[in-house]
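When the chains are written out, they are named A, B, C and D in that same order, and each has its own residue count from 1.
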């Protein structure tokens, strides 16, 4: 039953309206949670007695870091689906996820640097997390560059899928190798969330923000996958029959 | 509410640059991503419409 | 198996009839290694400390340089499609090409590294570890690079793209390769690093020909 | 027997051909005809497993053909030789080395004397040990065609085999193909000129 419905919606034509109906809901929920989380994080959560107000960066830093990893895992999942079941939607989902993932990875680096400067006195530390995040960012850029450079969409999807899987295998190896390298060099291994005694409100705000970013990523991906479906299926009859194709064209002529 | 005044809020206990730098960049990129996706969609729909219109036009002309 | 060795022999014969390409990559390695001291300064203590990293990055870039041509000629003249039709299986032939690539670009670096290490005043035991780490590590570089070369085959701006794709994946090889030499010099012993490097090379040896062959089929089908 | 049924192919947004069906049995040849860009080469590549059809089936001895790396001797991939636009000839190798490498790739046992004989039959006697880059275009094609003489597979897929050959070479090639057909082989070929071969032959006109 499950697999049947899965394959039913794996047709781009069927998925297009589903995505179109659902993305606004995810967007609304993401905005609502973001407002709530920011309110808790900026106005309610108390000052940290060690880090002062500077700790408030974690309300974006931790969610975007988590999302950068979750999105890569999601890409690897779709890549695997695409390469095993040969469904066209999988490749489209994979490339729809990548830009949001790249932005999250970049934001994780940016906010990490801004957090590191006041706390460690330096913008950058070669610790396992930051270094792996940097490599993850490069992997996203590589994926986007590769899929954009290939004209044939079928090859772009599959080549991107192979790259995403190879990258997913490599990320843990990179993480542990940097970690080992770091301990050998006696470097700083500081974590952003010192974890010891987080205030209840702080934790709540952080988790709410994390869910908000998750929903945002889903909304963006659904929105973008619709663009990809339209571009790929532009010559089909069902695209011509879409209401948005007609509504705007009559408007353009008159 | 933990802030006593507006300037207090902006100052973020001396961490203003770092905190607002993080939140600001996040907001900017989220906004940019949304704008970019929306613009891509608008362009795409226009392109497809133009293509269809030209196909229809040429079909009648050549007859 | 005869097809495997036929491809290895053919690729080496071809390279021997056009020696310039092989020599360029090796020369590149030598020049890069010679430029670093000029940039860092002649202080021997600093050079000794940075030598493993410099030589490994030099090897990595030299390997990268020849990687783009791994499948290009066979793709252009149609040999690759004949390989895809081979009853021996494309991945076996790809493995042969990777082995030939290593013999032509990795092996010379392994042999040259101890000489270049002398320029950096590395102690004898460190020279041995450097050579050993490159001996295990350069096949890993060829194996990972082959996947990138197959993915970017016939793609616009493929060479630049190749380095963007492959260099991040080289991070573990670099860390453990250069780390082995540093660990040896600091008295910790290099065996742990070298075993991890070997393990990674073995995993890549199983996985890479298969992934590269899949990527090559995509290039042929499009 | 090769059976192609209801095969359709799409390249990018463009549909090349649709619902192509034919069969090719032992001793038969089929001449694929059609205008430029109609997809003759694409059809041949699909049959060889160098492409994925949009829809339709290719069967070989009543088994579905697949392009994956399976080593079963029964599969279509192991029973055909494909000669495309690209000759798969290395300029830096000699005709003999090229032929031997190709035999190794395609898993054909080949002795040096047989290889020399095949090259001699293609009119390359005395040039076996010269690098291909000093040969003329027609001689390069002949050294590629020598593969047919040494091959042991039943299905030959030949894309424009007669192009750039002089009259003598065309006659030799015709003899080679006829001998293959008389031994129960099958030939699928394209050509812009009329083809006369022995055995049972047909012309299949490909159109969009």
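The criterion applied here is as follows: a residue touches a chain if its C-beta (ideal position, glycine included) is under 8 Å from a C-beta of that chain, and two chains touch if they have at least 3 such contacts.
Keep in mind that this is a model prediction, so the values were computed, not measured.
Contact with both chain B and chain C is made by A. Note on connectivity: the fewest chain-to-chain touch steps from chain A to chain B number 1. Between the CA-based centres of chain C and chain D the separation comes to 36 Å, rounded to the whole angstrom. Mean C-alpha position of chain B lies 54 Å from that of chain D.
Annotation: 48 Å between the Cα-based centres of chain A and chain D. Between the CA-based centres of chain A and chain C the separation comes to 32 Å, rounded to the whole angstrom. Multi-chain contact residues of chain D (touching two or more other chains) are listed as 52.
The set of chain A residues that touch two or more partner chains comprises 151-152, 154, 234.
Chain B has no residue in contact with two or more other chains.
On the chain C side of its complex with chain A, the touching residues are 147, 151-152, 155-158, 161, 164-165, 167-169, 171-172, 175-176, 179, 182-183, 188, 196, 200, 207, 211, 214-215, 218-219, 221-222. The touching residues of chain A, when paired with chain B in their complex, are 43-47, 52-54, 56-57, 60-61, 64, 99-100, 103, 106-107, 110-111, 114-115, 117-118, 216, 220, 223-224, 226-227, 230-231, 234, 239-240, 244-245, 248-249, 252.
Interface residues of chain B, counted against chain A in their complex, comprise 1-3, 12-15, 17-19, 21-23, 25-26, 29-30, 33-34, 37, 40-41, 44-49, 51-53. Looking at the complex, you find that chain D touches chain C at residues 45, 48-52, 67, 69, 71, 73, 77-78, 80, 82, 84-90, 92-93, 97, 100-102, 104-107, 131.
Residue ranges of chain C in contact with chain D, taken from their complex: 2-3, 6-7, 10, 13-14, 17-18, 76-79, 81-91, 93, 213, 217, 220-221.
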